[in-house]
Amino acid sequence: MRHRLVLTVLALTVVAFAQVAGAEVDREKLLKEPGVYATFAVFKVGDQWSQMDKEARAGGVAEVKKVFQKHADNLTVDTYLLRGLSEKADFFLRVHSKEMLHNQNFLVDLMGTTFGKALRNTDTFNGITKALNYVPKFPDDLKTELKTPPPQGNPYVVVVPVRKDADWWLMPQDARTALMKEHADATLVYLKTVKRKLYHSSGLDDLDFITYFETAKLDDFNNLVTALLQVKENHHNKQFGEPTLLGTIRPLDEILEILSR
Amino acid sequence: MRHRLVLTVLALTVVAFAQVAGAEVDREKLLKEPGVYATFAVFKVGDQWSQMDKEARAGGVAEVKKVFQKHADNLTVDTYLLRGLSEKADFFLRVHSKEMLHNQNFLVDLMGTTFGKALRNTDTFNGITKALNYVPKFPDDLKTELKTPPPQGNPYVVVVPVRKDADWWLMPQDARTALMKEHADATLVYLKTVKRKLYHSSGLDDLDFITYFETAKLDDFNNLVTALLQVKENHHNKQFGEPTLLGTIRPLDEILEILSR
Amino acid sequence: MRHRLVLTVLALTVVAFAQVAGAEVDREKLLKEPGVYATFAVFKVGDQWSQMDKEARAGGVAEVKKVFQKHADNLTVDTYLLRGLSEKADFFLRVHSKEMLHNQNFLVDLMGTTFGKALRNTDTFNGITKALNYVPKFPDDLKTELKTPPPQGNPYVVVVPVRKDADWWLMPQDARTALMKEHADATLVYLKTVKRKLYHSSGLDDLDFITYFETAKLDDFNNLVTALLQVKENHHNKQFGEPTLLGTIRPLDEILEILSR
Amino acid sequence: MRHRLVLTVLALTVVAFAQVAGAEVDREKLLKEPGVYATFAVFKVGDQWSQMDKEARAGGVAEVKKVFQKHADNLTVDTYLLRGLSEKADFFLRVHSKEMLHNQNFLVDLMGTTFGKALRNTDTFNGITKALNYVPKFPDDLKTELKTPPPQGNPYVVVVPVRKDADWWLMPQDARTALMKEHADATLVYLKTVKRKLYHSSGLDDLDFITYFETAKLDDFNNLVTALLQVKENHHNKQFGEPTLLGTIRPLDEILEILSR
Amino acid sequence: MRHRLVLTVLALTVVAFAQVAGAEVDREKLLKEPGVYATFAVFKVGDQWSQMDKEARAGGVAEVKKVFQKHADNLTVDTYLLRGLSEKADFFLRVHSKEMLHNQNFLVDLMGTTFGKALRNTDTFNGITKALNYVPKFPDDLKTELKTPPPQGNPYVVVVPVRKDADWWLMPQDARTALMKEHADATLVYLKTVKRKLYHSSGLDDLDFITYFETAKLDDFNNLVTALLQVKENHHNKQFGEPTLLGTIRPLDEILEILSR
């Protein structure tokens, strides 16, 4: 049972942190509304960081926090630890704002800090949120079920970038809606344990979608993805993952502490 | 509203810079005429640059500007910041001239400066401009609509390299014109908010086309690309992006300042 | 005959080590039960390790062992040497626990040690164990044969990550069971010399399965894989290996000693 | 008009250099005959070269020239600058001799010099020249046209490695000859402005052909490649380029001077 | 004619070296028998080696030879120079023994020497020799022809890793034998000038076969591979080369001398 306790404590810390970080910009609105630009910036820390002495690192951490504060009225940032579960990177940031330029200016400032200079930016995904495309045409009972409130305080995050094939995009709208209904049906039993968010990326990146998930139950998440592999839409995924990012939601302070060991 | 203001100021700066930089060679003509050679040179800055002391960096910046001036009667150069929005590079240059050798000589000089030695050239796309292939056969009203003046003072840039499959190239000319008309139709509603330019690359690079876009509205651009994914031409894109370069148009001085932090 | 002796001594050492390492958490249960999370963490050692002086390295080894002990009541770790048989890495760890967070916390601690800082994490595979999917529908005699006790004390390990195509996942369950029966039939003659374990990875990694093998007879293993290439399921392997990890099961101490030369 | 002048001067320098370099071995014969082995060795210069002091670099240049002279009775070497037009490398050498061992011994000596130790060998293509396969079966007027003398003093070089698919190789000889006649027809109008040479690579490299071009008119070259994309042979190009090398023909001295800045 | 002489002298040196190196283990048997494990270990030398002083390097060479001797009663090692003809690596070793563990232990010892620490292991191929699969069903005259004694004292080596597609493995045995007969027929005229050896790799590596060739006539080898591209088996090569390793057979001493320049 002990590890459940650890997960709960971790989850509460995350919620607490999110409330502080979102104090200035209206975080809730940014995370709900369409027309919001998101940048997922993925980083690996270079040796130079852990080779610095303690004092210099403490100064570096303070500098990072100042950059977060400087941009806090334009954007909101979520922080995630990948190290240990992904060889590709150590952590990533999810940045939301009303203008892509804000995301760039924040990241450029971050990468100009002492800590930022020790980072290698291994991946960046750009997307925009939109009103739901297919749901309006779904049957009413499905629409209702899809409103199941998502779980809160999830410790795990999974990000899966997706690219569709030409057949998908050239399919008549009705046929695509039918496939998306089959997709939605497959997800229903997981709505209570897996929280989802969708970003559109065509033209903003070498992707069509960024699919973002939070959960406390990775076994359920594995079952959800397996269920999605078994619906016909799967024939049209030219890219699904590659990279899949599996990590844990952690406050900035904890991530900086872990990477400073 | 504040970020709109930022975008406008930025856009004005860009226009001002372009006028100065294009003082010697006839920039307007180079950007309009067929038979012009373009090189997109993409760079990442190495650690050695930010580790130099301030004075040495100031000297390095002066050296870079001298190289720009030395070649100003042969070519025109536009400058773009990628850092923050692309993990692949920090910035890129778009060089136009009447002879590819000029592009090489300019870039060789640039890479021989102190700043240039700190750069890693992560990508280079070469192309040539041509008279429009398909438009002459389009219906008159489409021709007229395609003359909609493009937007000015756009802060965002997107570059999408494209390679077509063998079926595309072996299609009868008429069939290809029909597909390109469908393509042109899909772009009409975006002509006012997205500016476009096309370069031909077959044999000059591992590409067939470099498609270049400027916009102030990335949401429109995302919709434009989604619309293009839904026309039959999309079946023939062997490569579309990979890499897609998303960045902002910024004067050389600002880019050098950002990379010197 | 001498090399047989070497293999036997090596195998006994491995068994002895496993018993010590599994003293705290119930190792046998973790390796048998469904719902257990596994992380395969693959590493290459950087030059800085072998350049340290002997004393510093001895301190580093002690630090590593402390990390193993600190997490011993949450998880069990198996250790494998790849160097010499794979260019991709020097060694890997197989971590099992009841919660993926334990795996991450252990690996984050390991990577924070002096030894860990010299490591490059070249690959990580995440998976979960599950109750057998297809076996319940197999004929009784096949079920009985599949219960053949696996060989013990095997010196060699092979890990083959697998990804199935969309046709596989969209096949009716009966058709898939028939293909899996054909697969199981092909493995029967190798049950006595090759030990197997299966992990499910969809959504937790860019994989569908991690297949894990131990054997003393690599010629038998080569024949087993060749037999599996000859059953119809092979048409649906989008990825099979890439990377295949071939190595030997060795105690942590021996691996650390070899990498410290 | 000024850049035309530059091109002409450059071209004359190249011709002059070629005559000196080919003084010992019969360069003309090597470049015409079948059964000659060619190695294209592509290099990027590391930072250590430009960080050396002037004197040490001058010594390094002298060492390189001695290696060229030492092997001059066995082989001929052409030199090309890629920097600025290709991110992949800085320059390449094209080596011709009657025995592949000569090519290796020359390159091994070159890579053992101070300059050579600063090089990273980013690509190597090996091939052999052969008598023309298809031409003997072409109609007489086509044969005559194909004898059009190629242009001399070209400043630009393009190298395009090619790999054919299994359908190409398994096609009856007559069908292949018909496709090659269509290919040859498409090239006729470019014979006066584009010089070509073909090398066979199957088994000597991961290629089937190395196609080599020289021209003063890159617009013509772009049109030539576009024409070749439009003949049926294009269906059988498994690889075309990747990498395409675009550069300029320059004497060794000039290349060494440019890379020493 | 001079280069023929060079080749002959080189070839004789190789034979002489092979006889010394194989003094302890029965080299002839290992190279003929089935059930022998082979590891092809491919290396690139790092800068640190050539930066060491002469004395330190001499010590390093002595250390390497000691490792070769220590393992000489378990295995036999052949040595090949790639530098100059392949950008991928500088040299490779072909190790044969009766147990894969011997190969690993030898390579682990080698990589623990001063020289070994300067190496980057760029590729490793593992395989096992087997009795011939298809030959027993071939017509008698073909069987006789296939017994043509292979050429001796060849200076060149080519290694081509191969992976077959699922259709190949699922083909009825008779159909595969027919395709292999067609393959064997195509090789007959080259038996006198090209020596071949086959290794099976399924499950031991991300390959199905390692095909190994020695020859003095690379033009014949190019013709042989071209002939093999023209038999129906070629439709089933999912991978053929990538990397193809082209090099020369050279004694260890010569390779160490070349890499020490």
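First chain written, first letter: the chains are A, B, C, D and E, and each begins at residue 1.
One rule holds in what follows: a residue touches a chain if its C-beta (ideal position, glycine included) is under 8 Å from a C-beta of that chain, and two chains touch if they have at least 3 such contacts.
As the structure is a computational prediction, the values presented were derived from the model and not from experiment.
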item: For chain E, the least number of touch steps when starting out from chain B; value: 2
item: Copies chain E and chain C - interface residue numbers shared by over half, same or different; value: different
item: Between chain D and chain E, centroid-to-centroid distance (C-alpha), Å; value: 30
item: Chain centre separation (chain A, chain D; CA means) in Å; value: 48
item: Shared interface positions of chain A, touching two or more other chains; value: none
item: Cyclic chain order - from chain A, heading first toward chain B; value: A, B, D, E, C
item: Sites on chain E touched by chain D in the complex; value: 3, 6-7, 10, 47, 50, 81, 83-87, 155-156, 158, 160, 218-219, 221-222, 224-226, 229-232, 234-235, 237, 241-244, 246-248, 258, 261
item: Of chain B, residues touching chain D in the complex; value: 35, 37, 39, 41-42, 74, 98-108, 111-112, 117, 121-124, 126, 128, 164, 166, 169-170, 200-206, 208
